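The letters A, B and C name the chains in turn, as written, and every chain counts its residues from 1.
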Amino acid sequence: MSFPTVVFYVLSAILIFAGLRVITAKNPVHAALYLVLAFFTSAGHWLLLESEFLAISLVLVYVGAVMVLFLFVVMMLDINFEKLREGFWKNAPLAGTVGLIMVGEMVLILMSPEASLGSYKGAAPLAADASNIRELGRLIYTTYLWPFELAAVVLLVGMVAAIALTMRKRKDTKFVNPGDQVVVRRDDRVRLVKMAAVKRSEPVAEAESADQQA
Amino acid sequence: MDMKSLYLLIALAPLAGSLIAGLFGWAIGRRASHVVTILGVAVSAVLSLKVLSGFISGQTEVFNGSVYTWLTVGGHEYAVGFLVDKLTAMMMVVVSCVSLMVHIYTIGYMQEDPGYQRFFSYISLFTFSMLMLVMSNNFIQLFFGWEAVGLVSYLLIGFWFKRPTATFANLKAFLVNRVGDFGFLLGIGLVLAHFGGSLNYNDVFAAAPALANKTIQIFPGVEWSLMTVTCILLFVGAMGKSAQFPLHVWLPDSMEGPTPISALIHAATMVTAGLFMVSRMSPLFEMSDTALNFVMISGTITALFMGFLGIVQNDIKKVVAYSTLSQLGYMTVALGASAYSAAMFHVMTHAFFKALLFLGAGSVIMGMHHDQDMRNMGGLRKYMPITWITSLIGSLALIGTPFFSGFYSKDSIIEAVAASHLPFAGVAYWALIIGVFVTAFYSFRMYFLVFHGKERWMENHGAHHGHDDDHDDEEPSTDHHHGLGPNDKPHESPWVVTLPLLALAIPSVLIGFFAIEPLLFGDFFKGAITIDALKHPGMHELAEEFHGPVAMAVHALSTLPFWLALSGVVVAWFFYLKAPQIPAAIKQQFSAVHKVLENKYYLDDLYFNLFAKGARALGTLFWKVGDMLLIDGLMVNGTAKLVGVFSRLTRKLQTGFIYSYATTMIIGVLGLMTLWFAGIILR
Amino acid sequence: MNWADLNLVPVMPEIFLISALSVILLLDLFISDAKRGITYGLSLLTLAGTAALQVYTFEPYAQYTLSNMFVADPLASLVKLAMYGATAMILVYSRQYAADRDMFKGEFFTLALFALFGMNVMVSASHFLSLYMGLELLSLSLYALIALQRDSVPATEAAMKYFVLGALASGLLLYGMSMVYGATGTLEIAAIAKSIHGGSANQLLLVFGLVFLVAGLAFKLGAVPFHMWIPDVYQGSPTAITLMIGAAPKLAAFVFIFRILVQGLDGLTGDWQSMLAIMAVLSMAIGNITAIAQTNLKRMLAYSTISHMGFLLLGLLAGNEQGYSSALFYAVTYVLTTLASFGVIMALSRAGFECDKLEDLKGLNSRNSWYAALMLLTMFSLAGIPPLVGFYAKFAVIKAIVDIGLVKLAVFAVAMSLIGAFYYLRVVKHMYFDEVQDTSPIVVRGDMQLVLSLNALALLVLGVLPERLIEICVEAMKQSLTVL
C-alpha cells in the first residue's frame, strides 16, 4: 500500500466519523466544529488529487466563511436544540433503514463488476512546476466564460435577495436625524397666537379652543 | 371561374341566403329575407342549368375532387369533395329549380305566417343540404347531407310546432328515419372496413369487383356475401329516406308541414335521395342479385299497397302523399330491375309533376281558406282556373297519359320490369300494372271531387268542421281560416302562387318527350351508372325496341297500361260525378276492407304498440337496472366514494413538514434505483 | 478559445436582458415608492426589447457558441418568446395585486427578470454546467420572490420549504450529472450523446446517474413522488409569485428535461421512458384524486398542475418527434391556461383579501359575469373539454402514446382526466349555480382587464384553430432533433 493510499484511507475514516458526529453531537457548536473537521479532511482529499487551489478554496470558503457564519447564527439565536431533536429517536429507525438501504444499494451497484470502476485510471500526475491556478484561470476566462459570468449573476441575485429580505425600516425606531435637527426653523415649532385683551361671555370655551390652537 | 369554385358557389349560395335569413331575419324584415333566399337559390338554379347544358353539349368534364380536407385520422383523410357527373347535374337541376319554384310560391302561401323568415331560412338550408348530398364524392359527406336534409325535414314537419299533431308527426319522421339511418351507417361501416379503408366513391367502386365473392361472418358459422349485406344495409337507409315499405309510415304524417314543404321535400327532392343513392351505388348493387331482389320486393309492396290507401283519403294532401309513396315504389322497383336510368328519369319527371300537384293542392287549400277536406270542395274550376288547368296537367302526367312526361318514365319502368330476369320481376310487373289503374282512379277521384261537381262548401261545411280542426292554421286570431263560410267564394291565388304552377306545368308536359331518348337509351348516364349488361340485360332489350318517343306513345295506345289508366279515369268519373251513391254503397258492402285501408293496414298501430311501447319498456328496464342501480349506484357514486377515500388518504400524506417531504423524495429515488438495479442488487 | 471566434449574436437577447436588468437595478434606487410605475414600465420595455432581439437574431437552425455551452435553436427561441410573453403578462396581472400587498418594489421586478434570465440560460444550455447554472439562477430568484412578503408567515414557510427541498433536488441532480460525467468523460450534451452511441460509456454508471437525474428533473416539474413542495408553495406564496413559479418555469423545465434526456441521454431512451411512465401514472392519479379533496382554490390548482405534468411526461415518454412536439404544445398551452386561471384569481383579490378559497367564487356569475366566463374558459380548458385548447393538447399527447402502442396508458390518462373534470366543473358550479356570499365590487385595472380577457379568449381561439401553433411546435422540434 503506497503512502497516498494510506493517507486516503485515514482521511476518509476521519471524514466519515466527522460526518456521523455532525448528526449525533448533542451540542450544536460541537456539531459545527465536526463539520469544520469534515471540510478539512475533504480538502486533504483534494490535495491528494493535486488540486491545491480547490483544497485552499474549500477551506477558505467553507471553513473561513460559511462555518464561521453558521457558528455566529447558532450562538446568536438562542435556539433550543433539545426541543428540535425531540423527534430524532422516534424517526431514527425509519431514517436509518432508508439510509442503510440506500448506502447498501449504492455500494452493491458501484462495486458490481459491471460498474468496472477498476477500469478508471487516475489522472496522469502533473509536472512539478504546473500551476493549478494558472490552468483554472485560463479555462475560466476562455472555455468556461459563460458559466463564470453566470456565477457572477447568481452572486448578484444572492446579494439582491439578501438585501431585499433583510433591509427594513423599523417604524418604531427612536433614531434622530441630526440634519433634520439643524435645518429646523422657528416657524416649524412655535406659533404665536394673538389673544383678545377682554374676556368674552364664554371664557371656558374660548380658553379650550385657544389651547387646541396652541 | 373554374369549375371548383362554380360548384362551391352552387352549394353555398343557398346556405348564405339561409344564414342571412335565419340569423338576421328579425333585423332585415320579411321582404329582404325572401329576396335574399330566392336570390341564393336562383344563383344555384341558373348555374346548375349551365352545368347541365355543359354536360349535354359535351363541354363540361366530369369533376371529381376534394375541396376542403376536414380531418385526418390515422392516415384516413376525410374531405369535403364534389363528384359532378351527369347524374349529379340532373339532380342539381331538379333540386334547385323545384326549390326555386317553391321559394317563390312560399311568398304567397306563408304570407300571414309569423315564422316567415324562419321558413325561408329552413328551405334554403334544405336546398344547401340536398345539393351537398347529391354533389358528394364520398360517403361521409353523403351521410352529412343525408342527416342534414333529415334534420331540416324534421324542423319543417314540425314547423307549426304548437300543433300536437305536427310535433307527433315530426317525431315519428325522425324516429323512423333513425331506423333507416342506422342501417345506412352500418352499411357505410362495412364499406369502410372492407373496401380498402377509403370512403371515396371512386376508391370504393374500384375495390368492389375484387370483393364480389367475398363473404363475411356476422353470426359465427353463417357465411354471408359481403356485397349483399352491404347493399341491403345501404338500402335500409334508402328505405327510411325514400319511405319504402316498411319504413314508409312517416311520410303521410309529414303532411302536417306547410304545403310548400310537402312539395319540395316530401315529394320532389328529399324522398328521392335514397333512390339517388342507390343509383350512385349501382356498381355495388349490380353485383348482388339478392340485394336487387330485396329492393324490388320493397318497392313493389310500396307501389301497390300505398296506392290503395290513396283511394280512401279525404284530405287533399294525403291523397297526393299516398300517390307519392306509390310513385316512389315504382322508382324503387325500377332500381331493383337494374333500370337505374329509368328510375332517375322518373325521379325527374315525378319531381316536376308531383311538385305541381302539391303546389296545386296548396293553392286549392289557400282558396278554401285552409280547409283540406275534399268533401267540402267541388266545382272549383270556375273560381280557380289556373289552378284547375295546371292540376289537370299534373294529374294527366301522373297517370301516364301518352305524350305527357309521366307516361314516358312510368311506361319505361313497367317495360324494364317486364324485361327483368329477377325471380320477383313477374310479381312486380303485375303489381305495377294494377297500380296504374289505382293511380288513375285516385288521381281523378281527387280531381273530380275538387274541381268538378257540386259546390259543396256551402252545405257541408258545418258537418265536417270538427273533423278539420287538426288542419287548421295555428294562430288563434285567424279564425276565418277554418274554411269557407256559406257565403264566401273561393278565389284564385296571387301570381306568386300561380307562376310556379305554370312554370312547373311546362316540364310536366314536355320533359319526358325530349329527355327519354338521351336519358334512357343514349349514353347520358354512361360512367355515372353501371349496369352489368350480361346479368341484367333489361335496359338493353328495351333500347332495341325503342323507336323514338312518338312511336312509343302511339304504340302505348294498344297496350294494357293505357287502357287500365283510361278505365281508372272513367270509373272515377262515374263514381264521383255520375253516381256518387255507388262509392258509399261499396263502402257499406266492404266495410271490413275499408276499415283496413282507413287504418293504413294497421301498421301504425303495430309499430306503436310493438316498437314504441316495447322500446319504452326496455328503456325503463335499462334505466332502472342499468342507470339507477349499476351506473348511478355502483359506478358513479361508488367511484366517487372510492375516489373520496383515496383523496383523503393522499391528503394525509401531505403532512406539511419538510422532513417528511424530503423523506418522500429520498424514498422515491430509492424506489427508482431498486426497480432499475434489482437484478444487480440481488445478485 | 479565441476572442475573435466569439460569436455573441445568438446570445444578444440574453446580453440585452441582463444589461437592461442591471440598469433597472441601479435606476430603481433613485425612484421613490410613489413612482414605482417607472420600474414597471422599464421592465415591460426590457421584455419587449429582448423579445424583439430574439426575433431579430432568429435562425431556423441550431447555433452553438460560447464554447458550445450555449445553443440557440428554434426550440429555444420559441420557448423563450413564450416565456417573455408569460412574464410580461404576470407583471401586468400582478401590478395592482403587488401594490395592495406592499410588494410593489424594485426587487419584485428585478428578481422576476433574474428568474427569466435563469430560464433563458436553462433553455439555451447545451452543457450540463450552464444547465445547472441556469437552474440555480432561477431557483434562487424564486426563493427570494416567495419570501419577499416578509411578514407573511405562509409565504416564509413556503420559501423555506421550497429552498430546502430545492437544494436537495439540486444535490440529486448534481450527483446524477457527476455520474454521467464519470461514465462519458464530458459534460457537453452533444458529446455525451455521441459517447453513448459510440458505446464507450459505462452503461451501469449511466443508468445509475439517470436515476438521480430523473429525480432532480421530476422535482422541478413537480411529478410524483417529487411533488410534495408544490401544494404548499403554491398555496403559501402570494398569488403573483405562485404564477411566476407555475407558468414560465414549467416551460423551462420541459426544455431542461428535453435537453438532458432526449438530446443527451438519447441512448437510454428505454430506461427513462419507463421511469417517466411510472411518474406520469402516479402524477395523474395522485394529482387528480387529491385535488378533489381540496377546499383551497390555489391548492387545488397545485394538484391540478401535478396531474398536468403527468400528462406532459406522457408526451415526452412517447420518445418520438410527434410525442415531443405534442408535449411542447401541451406545455405552451398549459402555461397560457395557468396564466388565465391565476390571473382571474388575482383580479378577484383585493387589499386584505385573497380570493383563494373555492367558496370565494360562489355566485361569481351574478357579481361579474365576464370574469365568471373567463374562469369558465380556463376551467374547461384545464379539464380538456372541446373546443378549448386543453382538449387539443390532451388529444395530441394521447394520440402520440397510442401511436407507439401504449394504449393502456392512454386509457388510464383519459380516465384520470375524467376524474379531473369533476373538480374543474365544481368550480364552474360554484360560479354559476351557488348563492353569492361576497358582494364587494370587483375593481380591475383596464390594462389587466384587456390582457386577461385576451388571454382567456386565446384558449378558445387556439382551441378552434390550433393548427398554426401545432405546426410551429412540430417545426421547432424537428430542428432540435436533427441536431442529434
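Some observations on this one:
Simple rule for what comes next: a residue touches a chain if its C-beta (ideal position, glycine included) is under 8 Å from a C-beta of that chain, and two chains touch if they have at least 3 such contacts.
Here the structure is a predicted model, which means the values were calculated and not measured.
Comparing chain C-alpha centroids with the centroid of the full set of protein C-alpha atoms picks out C as the closest.
The interface holding more C-beta pairs in contact, when A-B is weighed against B-C, is B-C. Rounded to a whole number, the gap between the C-alpha centres of chain A and chain C is 29 angstrom. With centres taken as mean Cα positions, chain B sits 85 Å from chain A. Centres computed as Cα averages put chain B at a distance of 56 Å from chain C. Residue positions of chain B touching 2 or more other chains: 667, 669, 673, 677, 680.
Residues of chain A found to touch two or more other chains are 109, 112, 114. Shared contact sites, meaning residues of chain C that touch two or more other chains, fall at 204, 208. Taken together, the chain C residues at the contact with chain B in this complex read 160-161, 164-165, 168-169, 172, 204, 207-208, 211-212, 214-215, 218-219, 225-226, 228-229, 231-232, 271, 275, 278, 286, 289-293, 419.
Here chain A touches chain C in the complex through residues 109-110, 112, 114-116, 120, 142-147, 150-151, 153-154, 156-158, 160-161, 163-165, 168, going by the rule given at the top.
The residues of chain B lying in touch with chain C in their complex are 643-644, 646-648, 650-651, 654, 656, 658, 660-662, 664-665, 667-669, 671-673, 675-677, 680. By the touch criterion stated above, chain B contacts chain A in their complex at residues 659, 663, 666-667, 669-670, 673-674, 677, 680-681, 683.
Within the complex formed with chain B, the residues of chain A that make contact are 91, 94-95, 98, 101-102, 105-106, 108-109, 112, 114.
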